[in-house]
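The structures come next, written out as structure tokens.
In the two complexes below, chain A is the common chain; its partner is chain B in one and chain C in the other.
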Partner chain A sequence: MALTEGDDPLYGSGSGFSKILLVRHVDYFPLLNTGLLAARRKMKLWVLAVLISFAGYSLSEEENVARLLASKNVLNQYLVEGRDLTVQYTIFNIGGSAALDVNLKEESFPEQDFEVVKGNLNVKWERIAPGTNVSHVVVLRPLQFGYFNFTAAEVSYKPSENAASAVVGFTSAPGEGGIVGSKDFDRKFSPHVLDWLVFAIMTLPSLTIPFLLFYRSKSRYDTPKPKKN
Partner chain B sequence: MSSKKDKAQKSLTKEEELLLQDFSRNVSTKSSALFYGNALIVSAIPIWLFWRIHQMDLYQSGILFAVGTLVSTYLVAFAYKNVKFVLKHKIAQKREDAVTREMTKKFSDDKKMTRKERDERILWKKNEVADYEATTFSIFYNNAFYLVLLILCSFYVLKNFSPMFNYLMSVGLAAGLLALFSTSNK
Partner chain C sequence: MEFAGKMISLVVLLVVPFVVLGDSCLSPEVKAETYTTTEAIVSTETVFIVQFTLTCKNKVRDMNLYADINGRTLPVTKTDKPDLYQVSISDDHKKLSSGKYEVRLYDEEGYSMLRKAQRSGESVDSVKPVTSITFNHPGVSKGPFVQSEFVAVVIAVLVWYFAYSTRSQLQSSN
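Our next item is the complex of A and B:
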């Protein structure tokens, strides 16, 4: 709401409860403030220039360095104690140059809890070409049941031939998963064909012997029904 | 005089005994042993199912299995006796003619036997045949019914409950329902 002639400089127009409080800025140091404003505008321009140049530098550098994205996935639908668990690692090179000395290091599966059935937990690739991906599969066997937090594995690589040090990154983490006990899994999913067969064999004497004895006596003493002509 | 009275009393007592045996629910010691033996076997068979399929540990659940088996044995034997009693009279009526024919043919050459003795022997044979068939059919029928009830309870009705609760309820329900249905007079 604009001030008009006669308005109070602090409270503006209106009366009673509809008074609106207005604070008007009073410039006591006009020259100093003008200088400060100019300085601020210059600063903003410099910061913008620096940001643009950095972005430009980064974009240009993307074409000459490797950038790896790594994922870690558990392929099982059910995690069961004593049964195989398959973990797949996929590494994508989205950079403009080949990644060199790529190392995948997996240290999140303790030996007392997981047994390695197939594959290696430490893998090396000499180079991953730009725009390509590689995958690696490890088969493990959980030795205990319960909840387990599947954390990320470490990936290190040289982004270019001239790179002084390796870049270290991490794969994605699948998160917490429940490992079902083998007894619970068998109770729910195992067909138990042999067990049912043995049960059937065990029940046969209890059923067939009494029936056969009854039938033998019945057939001996049963009164034949008169035939209808 | 007194000896004649004693003989008459004995013959009456024999007939009475036969009638009592015919109409009583009480079984002989031999039948009782047969019933309890069969009941024990059929009550112990489900332990295999619960051990192998429900993955219950034999040693940890040993006491539970023992209690369940004993309770089930008693109830299944009770069902055997009741079903046998109901069946015996029905079978006796059905087998009467065939047994009479067979026994008459057997004693037709024996002219020393009195008519009364012949009738007694026919009655005794009829009772024996009816008793035998009722016993065997009762065991077969109750065993089959018990196993069907147990499998239905354990693997359909109570399949999502814990194995211990499943065992107790399945065996209890199966044996209990068997005993209940056996009390029917039809």
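Our next item is the complex of A and C:
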């Protein structure tokens, strides 16, 4: 029956018989239990110290390298065929030193499905300072409607000046989006001015025919009424 | 021998200025294309994209440029095409309202002088940019000012009112 820290050192956690034994045990060796507790506490402190120094060491390694996090967002509320689709890339440097020769390569928009309105899909920055971010925007126009999976773009950079090879990473992927056809979008959002004009013209007969009848009979049979006063 | 010496010194005098000013751009020529967001229904943020080609007489390629636009300083993005650069910013529709905007381009030296001026609180206009590009943002359209359905309802109510008032006039005068 091992004593754990939560137990009362005098009575332990056992049944009556073992309790008596424990009491006796504790009586004869009053300092032993406190010694065990202290030793356990010391060990825990040691483990904690080792862990902290290890973490500190590994964190200090980050001081000399650059680490880039890249995000890709679609700044659109609706994705409509034939209207602008804005894609924004933001690259953050969370490392301790500047990232060099940063390249962003976007190859996930096929030419026949997306037309580039403005912006470039393959860009580079010479240097991104630590703790700063850069952003890049490209405007595309979808040429087809349907579901499209927006996948990640590729970012490559050199984490330090004397790095042997470039590190390749990916941006976040916005996921799947539905590109609405232009007809469906217009049906919902366009001002429909022409439709209203046609409607007005179609209601004119039901308004003007009674009015003309009234006006004709009025002008034929109307006699000027004498004023009452 | 004297003539040769003179020639050498003349050549050196002509070449040295170009060597000293090796990194900065002489007589820059800029051709810019800009894009600004026009529809607020479809886009959630206003975006400005300035794509420009900057050529210098002294054929300086692949320059590290910095742009100052609307009070923001940011590095200029280089593209895979030579001499083609891009500056892009994005923000809320309300923060990037319509009007004229100026993009000032600085090279490395200009940028460090600009940062110094900003830190010491001096006027930013004292630092001369390599070149500057102005463009106009016509503003985002949030859709028609009055909804067409609203106009149709108003006209219908007016027609009804006219008919009703005429009818009550006729009835009362009877």
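Criterion: the second predicted complex is superposed on the first by the 142 of 229 C-alpha atoms of A that agree within 3 Å, B and C clash if a C-alpha of one lies under 4 Å from a C-alpha of the other, contacts with A are read in each partner's own complex, and residues count from 1 in each chain.
Following the convention adopted for this analysis, contacts are C-beta pairs under 8 Å (C-beta built on N, C-alpha and C of every residue); 3 or more make two chains touch, one makes a residue touch a chain.
Keep in mind that what you see is a predicted model, and the values were worked out from it rather than measured.
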Worksheet item: Can A:Leu37 be said to touch chain B (first), chain C (second), both, or neither?
Response: neither
Worksheet entry | Partner chain in contact with A:His192 - chain B first, chain C second, else both or neither | both
Item to complete: For A:Arg83, decide between first (touching chain B), second (touching chain C), both and neither.
Response: second
Discussion item. Taking the superposition on A as described, I'd like to know which of chain B and chain C A:Gly119 touches: first, second, both or neither.
Written reply: second
Practice prompt. Go through the superposed model and pick first if A:Leu75 touches only chain B, second if only chain C, both, or neither.
Written response: second
Worksheet item: Which of the two partners, first being chain B and second being chain C, lies in contact with A:Val168: first, second, both, or neither?
Response: neither
Worksheet item: More residues of chain A in touch with chain C or with chain B?
Response: C
Item to complete: Please work out whether A:Leu207 is in contact with chain B alone, chain C alone, both, or neither, and reply first, second, both or neither.
Response: both
Practice prompt. Quick one: classify A:Leu45 as touching chain B (first), chain C (second), both or neither.
Written response: neither
Practice prompt. For chain A, give the residues common to its interface with chain B and its interface with chain C.
Written response: 192, 196, 199, 207
Discussion item. Using the touch definition from the top, list the residues of chain B that touch chain A in their complex.
Written reply: 38, 41-42, 45, 48-49, 52-55, 94-95, 97-99, 102, 129, 132-133, 136-137, 139-140, 143-144, 147, 163
Response to the item:
Within their complex, chain A touches chain B through residues 183-184, 186-187, 192, 195-196, 198-199, 202-203, 206-207, 210-211, 213-214, 217-218, 220-223
Practice prompt. Could you please specify the touching residues of chain A with respect to chain C in the complex?
Written response: 75-78, 80, 83-84, 86, 88, 117-120, 122-128, 134-139, 189, 191-193, 196, 199-200, 207, 225
Worksheet entry | Contacting residues of chain C [partner chain A, same complex] | 33-35, 37-39, 41-45, 47, 49, 51, 64, 74-75, 77-81, 84, 86, 88-90, 143-144, 147-149, 151-152, 155, 159, 173
